[in-house]
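The next block holds one structure in the form of structure tokens; read it before the comments.
By letter and in written order, the chains are A, B, C and D; residue numbering begins at 1 in each of them.
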Amino acid sequence: MIRRIWSLVIKEFIHLRTDWWLPAFMLLGGVTELLLVAWATSRPITNLPLMVLDYSKSAQSRALIVGLENTGTFRAAEAVDDMHEITSALEKGKINAAVIIPPDFDDMMVASNGQPTLQILLNGAESTPALEALRAVDGLARDINQRIIIQRLGLRSDEFAGFDVSLRVWFNENLSEALYTTPAELGLMLEFTVLLFAALAFSRERELGTLEQLLVMPFSSLEIIIGKSIPVVIIAITDFVLMLGMIHFAFDVPIRGSFFLLMVLALAYLLVELSKGLVISVISRTQHQAFLLVMLVGMVDFMFTGYAAPVEGMPQALQWFANLIPAHHWLYIMRSILLKGSGLNVLYPHVLALAALGLIIGTFSLRFVRRALD
Amino acid sequence: MDYQPAILAKDLTKRFGDFTAVDHINFNVQHGEIFGFLGPNGSGKTTTIRMLLGLMKPGEGSVEVLGLKVEKDTSKIRPRVGYMSQRFSLYNDLTVLQNLNFYGQAYGLENSLLQKRIAEALHMAGLERHENTQTRDLSGGWRQRLALGAAILHRPEVLFLDEPTAGVDPLSRRAFWDLLYKLVSTPLQPETNQASLESEMREQRGVTVFITTHYMDEAEHSHRLAFIQHGKIIASGSPIEIKTQKMPGDVLEISPSDAAGAVKVLRSAQNDGKLPLNEIVLYGSLVHVIAPDILRHEQAITVILQNSGIQPGVMTVIEPSLEDVFIACMKS
Amino acid sequence: MNFRHVWAVMRKEFHHIIRDRATLFLVLFTPTLLLLLMAYALTVDIKHVPIAVLDYDATQTSRAFVQQITAGQDLDLYAMVYSIDEIDALLVNGEIKAALVIAPGFDRDLLSLRGMPLQVIIDGTEPNSGNFAVEHISARAETFVDSAVLSQWQPAGVSSDSLSVLDVRVQTWFNPDLKPRNDLVPGLISMVLGLPALSVALTLAHEREHGTLEQLLATPIKRAELLLGKIFPYVVVGLLNVILIPWLAIMWFKISFNGNFALFFGLSAIFMFGVLSMGIVVGVFMRTQAAALALSFLVIFFPGFFLTGIFFPLASMPEEMRMEAMFLPGTHYAIVTRGIFLPGVGMEVLWPYAVMMAVLGLVYIALAALFFKKKLG
Amino acid sequence: MNEKIVEIEGLTRIFKKTRAVDGLHLIIETGELFGLVGPDGAGKTTTLRLLAGLLNISEGTAALMGFDLNNQPDSIKPYVGYMAQQFSLYGELSALENLLFFAELFDVSSKDLEERTERLLEFAGLLPFKNRRAAHLSGGMQKKLALACTLIHEPEILLLDEPTTGVDPVSRREFWNILTELHLRGTTIIVSTPYMDEADRCSRVGLMYAGKLIECDTPHNIRKKIDSEIIEVWPVNWQKALDKVMELENIKEVQTYGETLHILVDSGERQLPEIKRSLKKAGIEVRSIRVAPVHMEQAFISLIRRIDA
């Protein structure tokens, strides 16, 4: 039995070697892609284009502009002379925000009872940067307010500690986006790789006609499944290690928990995804169909990983549904082990969930695929 | 132990929707026999083979291979049979050697034995210098030979061959049939550990071969034949039996100066009712005319041909070829 | 260019798509299904973030403050704790996303206006919820301070008016409530419409694998004709989605569509051409469908997802990545869709993007034709 | 009428190390039905692919209808009909749709289109099946449809690579009846085939071996080339008979085919009694023994053996 499985494994690897784009994609492609994507997306939102229409042209207004630039959110502000330029830039989507400083800004700031106003225009067509811009302007306004209040109330600045809330970020002291985004992106690529390759396992042989020959050989269906799965798992786990190494060294993502535990659970997760892929593989008649199904299934999973939006905010039904998604648990586990150093004592609900799902999906897949092959 | 044929099909039927691909066919194949299964494209041959192999569930009826029920004991049967499918039994992106290795290992051949068998297969297929060629780069004939080599690597007791010689050159086809004869006439040796007891218990018989082919000259060398058409067996028996029973007349072989012209002339005469012939066939550079008691018409044929300026050449009554019989059967 | 050839290939491809029901269904509806799904899952409002509070001050003021921050739906008080260790445990277990620590003397410092000794601890592994908590607490703290100041200084003539000195008037254009869904859905169209490109990448490899390419090459068809003929049916499939998707966005997600639909349709067609040409380049280089699939994930799908500025503003990306994004038709199309949906701008603004997409399409198809050998060996 | 429609000089194609086609010289005249035969891997497919402009020529020249394949590979395409060995039609398309597809690619004018497709479907006997999907046609019908597809633009030259492989004898004959018809109408046809009875139906046969053309003549002359007659023996015990026959004198060659032996001799009439006697003396029973006409197949085998030796 081992020998027969082995012969299949060898055959699958030879396929991969002749069609070398596949493993290249899985191993190097995944890592390179992750590097690029992580590089592009792991920065906080900065450098947003900003326009300033300064009617005041005073020391106060210049200080305000410098203050805006110092928030780090904006690129050096572009000074313009009339409102029309701002309108057109907003329509063209050239800027995310614009600030209009009224002519009396300076006077109002200096006057003991003055109420300076500031007009902010945000481009709502890109809500994420717009929100970020709003946040930055709000922060700056708060600072200025405090300063003026202190001044006007005649408080002594050395006694005053400020009203800012101090912030501590645990597990991610520098609030690096990379720690958050890269594990999720890794998860996405890993999932697609496994699903895609598992989905091709049988759909490819069926489309090319070799499946029939495989089925008359003295393989049991179990042996075929195992033989087809081993190469996928080997490559996927290698891919995982490579990608993990990459985000660890290039993006300083720590591995605070047990590496061993992480690998064991990664393997478990891969097996679950593999099971799903194999089901897709036997229900698809062509590789094209298999691919489209992978897209659907993969994206559904990805939505529930909490990458772009926290699952807690979803409607109750979807939150409940998220618990049925292996990727949801896996990503939680991976983040916790990497960033929090959590162990089994903490992770057990998710590990159990993953195991249970794995068992259900795996058993179903095995029975389904075997039936389809027999 | 009760006597068991190597393959036994009872009332085998398969329907696809309204279409009955295989319609209550019955046959058996004895151990050590070459059984030719002939029929036009789309007559149900491949469907039958798939059912015999357990790749497809029969709609009705049952199949036994080596005394075992195919549906129940698939896993016991598989190691003991070999199958070469019509077109796709090899992996195109694997090399010759890799394909053979895969087959051998899949059937559990031990290393030294595997190497020996692979060497034999390569020799038989004439691919010794091409071990490392990718299969997709082989010519059609070579691919077929390699596929056959792979199918017999594990010395199966029953061999299912679906058009094994399609596209193979005559020289290799003969080599292939020599090999088949050798396999059939050499008693099976329990080389592998599995099933050794059983093989020893069986008499000294060789491999059983179930083969489909479109080369009727090849089919002539089968021990027994069945003709299938529209899913039904319309004739079966040894080639001689079939020829004598199913032939609608005698065959006169003519070697005229212009064979194609001769066929035209004779056909028009046949259509005009001047010549009561059953069949006029162009056979390479020869013409076969078929009718009961053909010698009666020899004179008339000569005259008709000469009138059209065609030299009739030598005319001899020959034993009908299987191809003549096949075509006659299919047309009736 | 012989348009009859293109037409012939095109009709053939149509038959391939249409005759296989399962594939037809998947090709037609995968983009829409994905959009629906993503629109739901990606644009949730953050609510009910569980926090813990460690109140060292334990005064009436501090209790009032806690009361105030946990009042609405935004933050839920998960537990009152008594040590930092407890917070640590809760964070590690993932039971809370943030914790508020009120230092001793909160009451005193606040009333004497010496400061606001508050600390917020957030779970850095999920900054979305954490940041939300910080913002919420900061905002509440501000009003709390204001009222404290007011209560102290009112006698001295300070009014609530004079406390909010700098009056920031925010005007949000195009999407007044800054609802992410309003711009994300149009943006996502660019991603899901990229999917047919992956199908196109498969078709050439499919013909190679099935041996039909050899026959095709023996006909007088020109390379560009063949490639264009393969692209167009998928343009049409994509455009069916272009009709379906805005309808879905408008009727289902209640997103306003302020632009000109004909313009949207036309520019979508140009985008489809661009992105499908990219797909065909992949198809030209890969011999097997599996490899074509793998490569198109690499160069079409993932970049289309991450690099086109749908989720991450292009402006914030490194210069090199911005350059790379320019080569993706999706980058330009994302701007187009958002522009047409929300500000409802017209060609006077969008023409550069239209030109870029068309140029990219032509470059890619030229590239494909250049490298597509009309020979076997 | 008899112009040179195909002129091949020193045609060579090298794949990595192997010279699949090696210095081929061949001239084919208009209206010939030229059969290309040879052992597997002799280079037949490569030759046909080169002629169809599907492969680059490594060395030498080939011209079809005066167009040089090296310089104008695309110019010949409208005049050539090529049918690949593994011709796969588009399974999802119906017979008629397949035909129309190729018609459009070959620029068949729309006014001819209907008449021509009808005629070809009729010609190929596929009229009742014109709306059936190609995938659901039988193997023989598929081949005929494939041929119809390659004929749609009424090519001057037909290049057919083993068009009847895997086709049953009835369909094969029908297929060849179509070819003969075309031949009689003056189409130049180059066909490769593993069936020697088909080679016999050609006006001229080229025998390829290791990339070279080693014989090229009419079937009649090729059969004569072996310079022998054949005695066909069907013994009861095949192996014993073969051993004995090999020992006989004045025998040129023995070919086995299944259980029959073909003995090549100088004169059948004269040597038949001798052989009968020898076999009888050795105690070998025969079911039948006779002088048989020389078929292309025996000639082929004999010629190849001579080269091999």
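Quick notes on this structure:
Just so we're on the same page, a contact is a pair of C-beta atoms (placed from the backbone, for glycine too) under 8 Å apart; a residue touches a chain by one contact, two chains touch by 3 or more.
Please read these numbers as outputs of a predicted model, since none were measured by experiment.
By number of C-beta pairs in contact, A-C leads over the other of C-D and A-C. Subunit A and subunit D, compared by their mean Cα positions, are separated by 62 Å. Centre-to-centre, using mean CA coordinates, subunit A is 11 Å away from subunit C. Residues of subunit A in contact with at least two other chains: 19, 208. Of all residues in subunit B, those that touch two or more other chains are 87, 93. In subunit C, the positions touching at least two other chains are 20, 288. In terms of which chains touch, the assembly is arranged as a closed ring, every chain touching its two neighbours and no others. Interfaces, counted as pairs of touching chains, are A-B, A-C, B-D, C-D. In the complex of the two chains, the subunit D residues touching subunit B come out as 15, 37-41, 44-45, 85-86, 137-141, 162, 165-173, 176-177, 180, 184, 194-201, 219-220, 238, 255-260, 293, 295-297, 300-301, 304-305.
The touching residues of subunit B, counted against subunit A in their complex, run 50, 53-55, 74-75, 78-79, 81, 83, 85, 87-94, 98, 101-108, 134.
For subunit B in complex with subunit D, the residues that touch the partner chain are 39-42, 86-87, 126, 137-142, 145, 163, 166-174, 177-178, 181, 214-218, 220-221, 253, 255, 259-260, 281-286, 323, 326-327, 330-331.
By the touch rule above, subunit C contacts subunit A in their complex via residues 20, 22-23, 26-27, 30, 33-34, 37-38, 40-49, 88, 91-94, 97, 109, 113-130, 134-135, 137-138, 141-142, 145, 149, 153, 158, 161-176, 178-180, 182-184, 195, 198-199, 202, 206, 209, 286-291, 293-295, 297-298, 302-303, 306-307, 311-313, 315-318, 321, 324, 335, 338-339, 341-343, 345, 349. Every residue of subunit D that touches subunit C in the complex is listed here, in rising order: 13, 15, 49, 52-56, 74, 77-78, 80, 82-84, 86-90, 92-93, 97, 100-102, 104-107, 133, 149.
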